[in-house]
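Two complexes follow with subunit A in common, the first pairing it with subunit B and the second with subunit C.
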Partner chain A sequence: MTEAPFDVKTLEIDGRELSARRGQTILEVARENDINIPTLCNMEGLSNVGACRLCLVEIKGSNKLLPACVATVSEGMVVSTNTERLQKHRRNILELLFAERNHVCSVCVSNGHCELQSMAQDQGLTHVRMPYRNPHLPVDASHERFTVDHNRCILCTRCVRVCGEIEGAHVWDVMGRGIDSMVITDLHEDWGKSTCTRCGKCVQVCPTGALFDKSKIGSDHPKYPDFLPYLNLMREAR
Partner chain B sequence: MTIEELEQIAKTVQLENSRYDYEVNVCMDLACASQGAGLLRDALSRLAEASGKKVLIRKTGCMGPCSSGPLVRVDPDDTLYAKVKETNAEAIINSLGEKPVAELQCDLNEHFDKQVRVVLENAGHIDPEKIDDYISRDGYKALLTALTEMTPNGVVHRITESGLRGRGGGGYPTGLKWGTVAKASGDVKYVVCNGDEGDPGAFMDRSVMEGDPHRVIEGMAIAAYAVGASKGFIYVRAEYPVAVARLTTALREARRRGLLGSGICNTTFNFDIEIRLGAGAFVCGEETALLASIEGRRGTPKPRPPYPAVSGLWGKPTLINNVETYANIAPIVRNGGKWFFNMGSERSKGTKVFALTGRIKNTGLIEVPLGIKLWEIIDVIGGGVPGGHKLKAIQTGGPSGGCIPADMMSLGVSYDALMAAGSIMGSGGMIVMDDTSCMVNVARFFVEFCMTESCGKCIPCRAGTAQMYTLLTRICDGTGTMDDLELLIELCDTVRETSLCGLGQTAPNPVLSTLKYFKNEYLEHIMHKRCPAGVCSMAGAPAAQTAAAEVLA
Partner chain C sequence: MSSKLKLATAWLDGCSGCHMSFLDMDERLLELAELVDVVYSPVVDTKDFPDNVDIALVEGAVASVDDEKKIRKIRAHSRMLIAMGDCAITGNVPSMRNPIGPDAILDRAYFENATIQPQIPCVVVPKLLKTVKPIHEFVKVDVFLPGCPPSADTFHTALTALITGEPLDIPALTRFGA
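Let's turn to the complex of A and B:
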C-alpha cells in the first residue's frame, strides 16, 4: 500500500467532514474541532496509554472499538463518537470506577472540581447498580506538602507519567496486579521518605482527590493541569 | 556445518545405535517423572548392564498418554508398556529377545491411530539433551536447506503456501505475519518465541520445549533468516524450570555445532537466541505485554497498532510466534508447503497439539489433524468418560475460551468452527467435563482466573472481571437474583468490547458460552436456589428455601 503523496487526510467525525494531518490521533482532530470525546487517562503533554477506555469510538466498517487517544486518522475514515452503544459502555466503565474504591464525593477534597465527578454528570450516570467493593485502602500523609488518598485513585497513571516524563524523577509507579494495583512512590516507601522532588506536578494532573495539597482546606482544591502543555511548549522553545 | 556433515552426524548416531540390539525409551516428562520414571530408568540401566544384553536406555520427552505413565517403549518391536514401576524393570530387561511382558502392555492402538504427529514426531524417540539425536531424525536439515538453497522470500512463500496459522490461539496466518516483518524497514529486527503458556490445564508448549527443544530453535532460526533478524528471544515462564534447562543445553549444543552464532553454515547469516524468564504473569502471553517484559518493564499490554511487526522490541520490527508454530516450521520447509496444506480442514491446515485433561480416561498430550470431530477426540483417542458418568461439555481455549456442550460433539475442530460455537481454539487446552461439573462454577473459576491475572491497566478488565466474579459468586452462593444475571450479561458485553487486550476482551467468553448452552443451570441457581450438579454449596440461600428445593427435587 502506498501512502498518499500529501500529508493531509480527510475524514468524517459525527457527520462532519474534517481534515487532519497524517499521524494525528482521532482525539486530537476531534478536539481541534470542538467535538467532545470523554477521557480520563489522557492528558495533553503526556504520553497516551489507552487505559481508561472512555474515548473508544466506532469506526464505520469495523466492529472493533478504537481508543481515540492513540488511534491515528486514515483517509476516508468515518468516526462516530457518541452512539448509544458507546454511551452505554462509558456509563458502565464509570460505574465500575465508582464501585471499585471509595468515591464518596461529599467528603472528598475535590468535590466540585473532580474530573470523575464531572464525567459521571456529563455521561448521565445517576446511580450505581454494581455492588460496592469498599476496599480498605491507606491514606499516606507522610509528605510535608501533599497527601495521597488511595481510596480516590482511579489508576489513570497520570502521576506516574508526569513524574517520569516531565519531571524526570520517576518516583511514582504502579504496584500489584489487577484489582490490587496501586500507585506507589519509589519501592513502596512512604511518600515523605521517598526521593520525591516536591515539584507537585502529580497533584496538579490528578483528575480526582487522590493526590492533594495539604495547605488547602475543605473543597478549596482546584487543580491547574493547564501548566503542562505550556511547560512543554516553553521547553521546546528553548 | 554443511548438509553432508549433518548426514555424517546422523550416520554416526545410527552406527552407534546399531551396536545395541534393543532400545528402551523411558518417558521422562514431568507426569512420568513424578511417578518415579527416574528410579525406573536407573533400575533399567543397572539391570541391563548386569544382564549382558546390548541395551540402549534412553530418556525421552513426553510420549503422550500421561495418565498411563510412567511409559516405556521398547524398540525395535515398538512395544509400549504403561504404568511401569521400578519393580517391573527386571521383567522388562528379561523379556528382551523374548515375549513382551503381557501384564504391562497396554492397548493404546486406538489412542495413537487417530493421531498424526508433525510437531510431536520426535516425542518419545530422542533424548532432548542430545543434539545428535535430533540431527539423526532430519534435524537442522530444514535450516541448512533454507540457508543454502532458498531465498528469504522463498521461505516466506513456502510458509504462506502451507496455510499454517498461529498456534498460540489467535490463528493469524503465519506466512502473512512473516511477510509483514520481512517487508518492515529497519536494519535490526527480532524474532521472539512465546513460551509463556499459562492456560489452566495446558501443557503443549512445555512438552515441546522439554521433549524436543531443537525443533523450536530450528524454527526460530529459519524465521530469522526469512525476516532478516539476527537476534532471537525465547520467553519462557519461570514455572517451567525443566524446559529452561533443556533449552539452555540445546542452545549451547547448537552453538557448539555452529548452528547458531555468526556465519552459520558458512553463509553470511548470523543468529543467536537468548532465553528470558517470565515471572508468572498470564498476561505476558499477550504479545505487547510479553515484549514489555522482555525489555525489562512491567508486563502490561499496549494498544495496537502499532503492531509488533512494525514496532516491537525496542521499537524494532519483531516477529512473535508461539512455540508450537515454530515447531511446525522445520517439517514444512523440509516437506514443502503443499504437504502441510493437504492436512487438516478447509481453512485450518495441518495438525494441532491438544492437552487433553479432565474427566477422561486417557489424559495427556495428543496431536490430531485439524477438522477431526470432537467425538473422535473424546471417545476414541480419549477413551471416553470414566466411571459411568455422562459427558457434559468440553472447555477449549482456557480462560479465553468457552464450553462446548455434549450434543455438539460432531463439530470439526478448527479455528472457525470453534469460534462459531462461542469458544476458541486457543493454545490447545481441552478440559473434559462430566455431569459432576456445575457450569456456573466453571464460569466462576475462569472469571476468577482472569480477575487475578488482569494486569490492572484498563478499567473494564481490572474492575469488570472483579465485579463479574462477585456476581457469579452470589449466584453460586444462592443469593443471586435475576437483576444480578442481567447486570452480569451487560458487564460481559462491556468488558468484551472495551478491554485493552485479549485477556479482557475474551474474559467473558466462559460466562457467555455457558449462558448460551446451560442457561437453565444459571436459572436453577437463581430461581430455585439449587445447583443441579451438586457442586455449589448454596450457603447463602435461606435454609427453608434450600430445604424446599430439596424436597421438590
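Let's turn to the complex of A and C:
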C-alpha cells in the first residue's frame, strides 16, 4: 500500500466541496479556489497574526467566528465566508478603524492606493456610525527617507513582521495596550536615530499612508509589496 | 403649481468643492432642471431655507453654532437629506483641528500670525464648536455620497436615481477621498 503524499482533508466553503492539505489555513484554501475573504493584516510572505479580524468566517456547529488566516482546515468542516452576520461585523470593524484614529483620506499620500480605503468601498461603507475619537497622535519624520504618521496606522503589524521576519532587523515593534497601542522603532526612539537598516520594506507592506516615502509626499504613492513572496522563493531556492 | 421636485443645496464647513463638482455636471444640469426647481442654494438668491424641500444636498461639516442651527433647520424642512462629500460625512479636512481644539487654531491664526491688531473675531462670526463633526451626528441623514469631492458623474447618476426612484449603488460610484 502506498502512502498518500499529503494528508488530504475534504471540506465545504460557501457550498463548494473542496479538498485541502492538512495544516492549510481556511484562507489559503479559499484563495486557491478563488473565494475572496477580505483581509487587512494578512500579507503573502509574512506570518499570520489574526489582528484585523476582517477574515472572520462562520463554521457550522460552532458559535465562535474564526479568523480564516490562522484557522486550519479539518475533515468535514463547513465554512461560510460571506453571511449577512459576517458582512455586518466586517463593516463594524472598518468603522471602528476609521473612528479610532484620524484617517483623512482626501489629504493622504496613499489616497487611491490605500487598502483600508478600498476595503471600505468593497464592503459598502459610506459613513461611520460611531463618533470619531480624534486622538492627538505624533508624526515622526526624523528618518532621512521615511515618515511614520500614527494618525493613519491601523496596527496591522505588517511593518513589525516584515522587519523581524524578512529583513531580520526587528526595529519595529508594538508598544502599549488596547487603544494606546502604537508601533515604535527600537525602544521608542526616533526612527531617524534607530537601528533601522533603511531597506524600506515596512513602507512597501504598509496598507495605509501610515508609513510613506518622503520623496513621494503629495504625489501618487502606490506600494509594491509583491517583492515579498518572490524574495521568500529566492531564499528557499538557495 | 409646478410638479417639479424642490431641490436645495447648502454649504456648511467645506471648501465649496462639492458645489463646484455639482456644477461640473455641465449640460446635464439642463436635464436636471427639467426635473427639479433649485429653491435654495449658494448659487441662487433665496436667503431663507424654504419649507417642504424634497431633496436637500448638504456640503460641509458642522463646525460652528451657526452650522448646527442650519443643519437642524434643513432637516426639519426636507424630505430627503443627502450628505454631500467627505466633510459632511466624516468631518474631513475641517475636522483636522479636532485633536488640538479651536482655541489653539484661533490663537495661531489671530495672535501668533497676526502683525496688526491681534484679536479673536467675535462680532458677526459664529462661535466655533469644540469639535467638528459629521452632520449625521446631529440629524438623520438619508443618503451618504462620499468623495472629496464626489465627481460630476457621481452626482448625475445618484441624483437621477434618487429622483426617478431607480436603485442606487453608491459604493460602486464613489468612496472616501475620491
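The rule is short, and it goes like this: the second predicted complex is superposed on the first by the 230 of 238 C-alpha atoms of A that agree within 3 Å, B and C clash if a C-alpha of one lies under 4 Å from a C-alpha of the other, contacts with A are read in each partner's own complex, and residues count from 1 in each chain.
We adopt the following convention: a contact is a pair of C-beta atoms (placed from the backbone, for glycine too) under 8 Å apart; a residue touches a chain by one contact, two chains touch by 3 or more.
Since the model is a prediction, treat every value here as computed from it, not as a measurement.
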| item | value |
| --- | --- |
| Partner chain in contact with A:96 - subunit B first, subunit C second, else both or neither | first |
| First, second, both or neither for A:67, with subunit B first and subunit C second | first |
| Partner chain(s) touched by A:53 [first = subunit B, second = subunit C, both, neither] | first |
| Touching partner for A:107 - first (subunit B), second (subunit C), both, neither | second |
| Which superposed partner A:125 touches (first subunit B, second subunit C, both, neither) | second |
| Subunit B versus subunit C as contact partner of A:178, first or second or both or neither | first |
| Contacts of A:135 with subunit B and subunit C, given as first, second, both or neither | second |
| Common interface residues of subunit A - those touching subunit B in one complex and subunit C in the other | 129, 131 |
| For the subunit C and subunit A complex, residues of the former touching the latter | 83, 86, 89-93, 95-96, 98-100, 131, 133-134, 136-137, 141, 144-146, 148, 170-171, 175-177 |
| Touching residues (chain side subunit A, partner subunit C) in the complex | 98, 102-108, 111-112, 114, 117-118, 120-129, 131-132, 134-137 |
| Residues of subunit A defined as touching subunit B within the complex | 49-53, 56, 65, 67, 70-72, 85, 88-89, 92-93, 96-97, 99-100, 129-131, 133, 154-155, 173-174, 176-181 |
| Residue numbers on subunit B that touch subunit A, as the complex places them | 281, 298, 302-303, 305, 451-460, 462-467, 470-471, 483, 487, 490-491, 494, 497-500 |
